[in-house]
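Presented sequentially are two complexes of chain A, the first with chain B as partner and the second with chain C.
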Partner chain A sequence: MIMFLIKKSDVLEIAKELGKEYQVLGPVVDTDSGQTFFEKTEPELIQLKAPIPSVPPKYTVFPQIETLMRYRYDRESKAVEIRELYEAKPKALFGLRSCDLSGLLCLDRFFLGQEFVDEAYRVHRKKMFIVTNTCVTPFKNCFCVCTDSGPAAEEGYDLNLTELDDVYLVEAGSDKGRELAERMGLEKADESYAVKKKEAVDKSVSLFEEFATDSKAWISRVMNRVTTGFIREDVWEYIGDQCFECGACTFVCPSCSCFNIVDVNNADGSSERLRTWDSCSYEGYSRMAGGHNPRKPVEDRRNKRFFCKLSYSQMKKYLRPGCVGCGRCAWVCPGNIGLPKVVEYVRRETHK
Partner chain B sequence: MKVTTIVNVPEVVTIDEIREEIKDVKTFYLSFDKKEYQDTFKIRSGQFVMCTVFGSGEFAVSLPPSPENDRFHLTVKKVGKVTTALHELEPGDKLGIRGPFGNGFPFEEIKGKNVIYVAGGIGLIPLRSSIVHVLQHKEEFGRVIVMHGAQTPEALMYKDNLKEWQNFDGFETYITVDNPTPDWTGETGFVHTLFDKANLPVENTVAFVCGPPIMFNTVIGELMKRGISDESIYSTLERHMKCGVGKCQHCAIGRTLVCTDGPVYTFRQIKTLGEEI
Partner chain C sequence: MKQKHGVCTFCGTGCGHFLAVESDTVTRVFPSQNHPVSKGRLCVRGWNIHELLTTKERITVPMVREDGVLRECTYDEAISKVVDVLSSLKSRPSEMGFLASPRATNEETYLFSKLGRAVFNTNNISLDSESGHRNSLNVLHEGAGFPGMNCPVEDIRKAEFVLVLGIDITKQNPIIGSEIHLAAQNGTQVVTVDSRRTQIAKLSNDFLQIHPGSNTLFLGALGKAVIDQKLAAADFIASAVEGYDDFAATVAGLTEDQIVSGTGISYDDIKKIARKLAAANTAMAFFSSGISGLDEETIRCLFNVFAITGNIGKEGSGLNPVAGLNNLQGGYDMGAAPDLLSGFQSLEDVKVRSAYAAEWGSEPPAIPGRSIPELLEDESTPLKALVVSDHDEGIIRYADRLKEIDFIAYIGAFRNPFTEYADVVIPVASYIETDGTFTNTERRIQLSEKKVEAPDGVLPGWNVYTMIARKAGADWNYSSAEDVMNEIVKVTPRYAGVSYDRLRSRGIAGIQWPCDGNNPEGTPFFSLEKAGGKLKCLALSGDFEVKTADPDYPLLLMVGKAQHFWHQNNLMKKTYIPLREYNATLLDYPEGFVEINSADAYELGVRNHWTVRVVSLSGSMDVAVKISDDVKPGTAYSPYFVQDMIKKFLLGHTNILRQGEDATIPVRIEKV
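Right after this comes the complex of A and B.
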């Protein structure tokens, strides 16, 4: 691993350098709501210490709504024109938390690593520069230590930043990352900084008990049960009863990737094929034309989501658990069935 | 030869001919506008395509043509928004096709065996491809029994094909209706009531079953009672689908996806899926 150092006050110079080539996105705290958003911003406005963003940056590779193609069919002349619209600007994600990077890696393996490659995703993803930021203290709703996705990123970044006293340690995870650091003339870091980083990460892990008070998820034992299906039906019913079917958990999840496709007609006679986020919590999700719905009861649909997050068969697709421990689902759920709570209910066999 | 799968952008086809099969069910004979696809678009029995009706949307539909020596066509029932729009089209109109997707029936594994087809109503549509394929290669199979049940004589699918199969030397074809009309001279009753009459083989036998859920469960129960194992009973499942390539997840059933792991499953697999069919 090649490591560099940058003065704390200069760390945004990296974002500025990236801004010459990429559209820079980073965490910015909204002054009115106090929420963090990961969005397109001027590099100097990035707040690296901001809490994890309310919405994960998965929208940068998998937008909430996107046009896949535009077509026009003239029935008179029987002429069809189809234009595919896969396009994306090169983006630099600066200050990504390791949970969100893990979510991105799940999506990479799912969209790019299966039998078919998802072209729209590939176009977004291929021109991307990723700078992660080690969480030296956990936030309230975090449980990445339970899902093997933090507090420091281990793979998949171009540069990783770790705050150490008055400097940031800058680790290069790719040639692209190393070249950028060298181009900026960053000072090389010696091996002692690897030890310092390890100490910082260990300290962060030790702080979970104190800071991450919202969520605890002992997921390994529950993964076994979810995979084998040895969970009482009335436990799912108990969980299903608390589901408002709002879909919020799926939309804020860094690894949820279900989508819907619709064709909409424009006033000028052309049509667009749109892909939008979809949620397995919606009743219409599995309803077929004609009305038959094999997965009508809400508990059957909840069951499906937690199967995706916690089963081994899904792990084979993601090469890691589907849950990345960011805690957002627990944060947004109007019921009380964020993933950590579900894990608890399954573990304790809580039922009606 | 190069075989194409159309994954992202649909290829344009022209409707050459439309045939009314039964009430609300039409067959659309299609040809690709780009000539190269006429040669490279190869299907396996049991696969499906995604069909775009321009201005309305896209739906998943099974492939009734045999992989060889058959016209490319789709048979579609009018049930929802997109299929209703499709039924309003005329010869000369254009559609979009992606695919073919899915696993298909395992012909290599069933060579030399007796084959039973049990189709209820429009369940004959996805089985037609396989039946015609077996007909074209009858010498590779043992007894071939085709059983088709429908609610009324008018609701029998592919009437011309049924006649052909009834007259084909080497096929045993049974047809029955639930509610006969006065001029109906054939069998009446549910399709499984013909099993005794057909003297169904059990050893070295596979069965393909497709139809509405109620018929599906009864037929499979009867087949298994006779000693045909759940591994030798195949069916093809239907699910709401958006992409066809394992990404949108709408067709998830158990730990599998109907689009890439299916749509053909053995009954043994179906039992482990743990979900309603």
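Right after this comes the complex of A and C.
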């Protein structure tokens, strides 16, 4: 591993350097509401220490709504005209948390790692520069230590930052990352910094007990149960009764990838194909043409979601658990059945 | 930052959201984590509002009808047409009507009403097609002098007891439902009373599945149970409640037989609920207000029960009518009613009219008008011209009458089947293309600032109304929505302390009215101590009769429930995901359905999706059967989301439907 150092006060210089070549996105805090977003921003406005952004940067590669193409069919000549509409400028994600990077890697497996490669996703994802930021203290909603996705990123970044006293350790995870650090003339870090980083990460893990008070998720215990299916039906009913079918958990999930396709006709005779986020919590999600719905009761659809996040069979697809331990689904759930709660109910066999 | 804070404009909850704006278009939506109402949550509608906000189904050009066909024209031509027709009727104000929108901003609705009253001399001004919310406001005004929801959504967790009455709240106003669910998890005793088993029923400590149409009787019985068990708050009644004895006498006459046979609930169970209510230091009630909410008698009864247990007028306690549409409360606040001026001031009050005259230059006409649905329903009214602001399709139940009206002007942002009836169509900017305020169900006035440009040349509503007034010769000089608010606060004591600057200074929190010199930061909850005076136990008719089925028509059909209302919602049809979700029922049951219990289905020998004939004394309809144990044996449920059902069957029962949540029709079901 090639490592560099940068003074704490200079760390945004990296974002500024990236700004010459990329559109820079990073954590910024809205002053009126105090809410953190991961947004396109001027590099100097980035707040590296802000709590994890309320919305994951999933939208940068998989927008909430996107026009994929416009097409026109001429009946007389039988000519078909199809034009792709997605486009993407090279983006630099600066200060990404490791949970969100893990989510991105899950999406990569889904959109790029299977039989069909999703072209729109590929266009967004390629030419991306990723700078992760190790969480030296966890936030109250976090449980990445239970899902193997933090507090420090292990793969998939170009540069990884770790705050150590008055410097940031800058680890290069790719040639692209190394070249940038060298171009900026960053000081090389000696091996002692690897030890210091490990100490910082170990300390962060030890702080979960005290800081990450919102979510205690005994994931490994429940993975077994979800995979083998030995969960009482009335436990799922108990969970399903509390589902408001809003879709929030899937929308804020860094690894959820389901989408809906809609064709919209324009007044000029052309049509547009849209892709929107979809959610397994919606009844229409699993409804088939003709009206049959294999997962009509809400508890069947909830059951499906947690299978996606927690089963071994799903892990084989992602090469990691589907849940990345960010805790966002617990923030946004009107029914109070975020993943940690579900894990608790399954573990304790809570039912009516 | 491209994230812009705003207010969700679907239901009356008024959740906060952030809209991401890129290249002048909304690209995504995200809940506002620190918003006092929604605290980082949104429902299926709110999560997909960007689909509505980017729809191409907009009205972008003014149009006039010529030889039966709408043709594009200029704003000036369309406005001249409206002014010509309305001016010619000015001396006969009973022949025109203004149908205001429960979705438009406060500023737009204020000007819309002012246009009717000050410029064209009519009081035929009203909001939506049904009067549910007005019933709630009337009761709260008469009983407590406070025409609005008593408690903020934030305080639900402070209540030790919550009664959910006849509202499918997790579907209609999901985020309020969420707060009730979280309160229940936190130890609040939640009691749901409904004729159908709803989601909140499953999440409650107690669920009483009463017979359809017995809400009033149930509440009378609850009042009796309080009094019989000597649980009334005697000290509070002595110091702060008038009319207790009359109420006690009215409910004393109820017999146990009458209660049990009418509600289907044992008196012991009702007594148990009364004990829970009385044991709680704080208690709230939630009920549907808006499309087919409770009727006034039922709400009066509820008010009395809560008054005599000391649960009105203090923190964590009170009656909470839940508005279904984003600015239904604001619409009433702006005086969009035939007998009201802004802030629930009576039109007949001379002092109020003269205060208006000081600001308007002329008094509003003194004689109350009639509501638009009333005018449409009553064939004998001379309605000749109708001006409609942004509206859903519910009103199309009066389609035949609409065709007879000489002149209809439609003013709105989104394409709407209503334009088929219109002689003039005038586009206005949508929610995010202009400034404006919305007042949610808990009286919270929230500023929504312009986020994107309107389509080429489309003007904001305040601007269009100003142009109409000026064309008609009035001296209106507003140059922004803020100007309009500055006038509203002068004629509306409950809004007196509001200004755009103050709203901005409060960040995303908004202000809950009354906001005036005494309450510069607004009024989160209704405090009797602060308001002074006493609560009035309200007089009841004493008629607790519940309609029962008879041998010829053995099933009691419930209709008019609000949860399916969104099917007819014009805005929903401009989205993709919510449309799919709300349309699933329509796709499954294109002719509509009647829901019956499995025991009744077995007896009839019918299966799911079979077509049956629902027959009442005055009509019949053929619909599919939906078998569900969410309804009790002997009862049936049919939501009116299919036009044919409305036209062929329900219109024959207009008088019954007026009873809102208590409306029932005895029917028999035949196999076909």
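Keep this in mind: the second predicted complex is superposed on the first by the 345 of 352 C-alpha atoms of A that agree within 3 Å, B and C clash if a C-alpha of one lies under 4 Å from a C-alpha of the other, contacts with A are read in each partner's own complex, and residues count from 1 in each chain.
The rule is simple: contacts are C-beta pairs under 8 Å (C-beta built on N, C-alpha and C of every residue); 3 or more make two chains touch, one makes a residue touch a chain.
Since we're looking at a predicted model, the values are computed, not measured.
Steric overlap between chain B and chain C is absent once the structures are superposed on chain A; the two fit side by side.
Of the two partner chains placed around the shared chain by superposition, neither chain B nor chain C is touched by A:137. When the shared chain is aligned, chain B and chain C each come close enough to touch A:287. Once the two complexes are laid on top of each other via chain A, the angle at chain A between chain B and chain C, using C-alpha centres, comes to 80°, given in steps of 10. By the touch criterion stated above, A:260 is placed in contact with chain B and with chain C alike.
Of the two partner chains, chain B is the only one that A:82 touches; chain C does not reach it.
Looking at the shared chain after the overlay, A:174 reaches neither chain B nor chain C. Residue contacts after overlaying the shared chain place A:247 against chain C, while chain B stays out of touching range.
In the superposition on chain A, A:23 contacts neither chain B nor chain C. In the superposition on chain A, contact of A:69 is made with chain B only, not with chain C. Shared-chain residue A:278: touches chain B and chain C both. Taking every C-alpha atom of chain B against every C-alpha atom of chain C, the smallest gap after superposition is 8 Å. Taken together, the two complexes place residues 260, 262, 278, 287 of chain A in contact with chain B and also with chain C. Of all the residues in chain B, the ones that touch chain A in their complex are 7-10, 12, 14, 52, 54-59, 79-83, 92-94, 96, 238-240, 242-243, 245-250, 252-253, 255, 260, 274-277.
For chain A in complex with chain B, the touching residues are 68-69, 71, 73, 75, 78, 80, 82, 84, 110-111, 114-116, 118-119, 229, 257-263, 265, 271, 273, 278, 280, 285-290, 294-295, 300, 304, 307, 311, 313-314. Those residues of chain A that touch chain C in the complex are listed here as 28, 30, 32-35, 37, 39-41, 54-55, 59, 63-65, 241-242, 244-248, 251, 260, 262, 264, 266-267, 274, 276, 278, 282-284, 287, 291, 331-336. In the complex of the two chains, the chain C residues touching chain A come out as 1-3, 5, 16, 18, 20, 27-35, 40-44, 46-48, 50-51, 54, 56, 170, 174-175, 177-178, 181-182, 185, 199, 202-203, 507-508, 576-577, 580-581, 583-584, 587-588.
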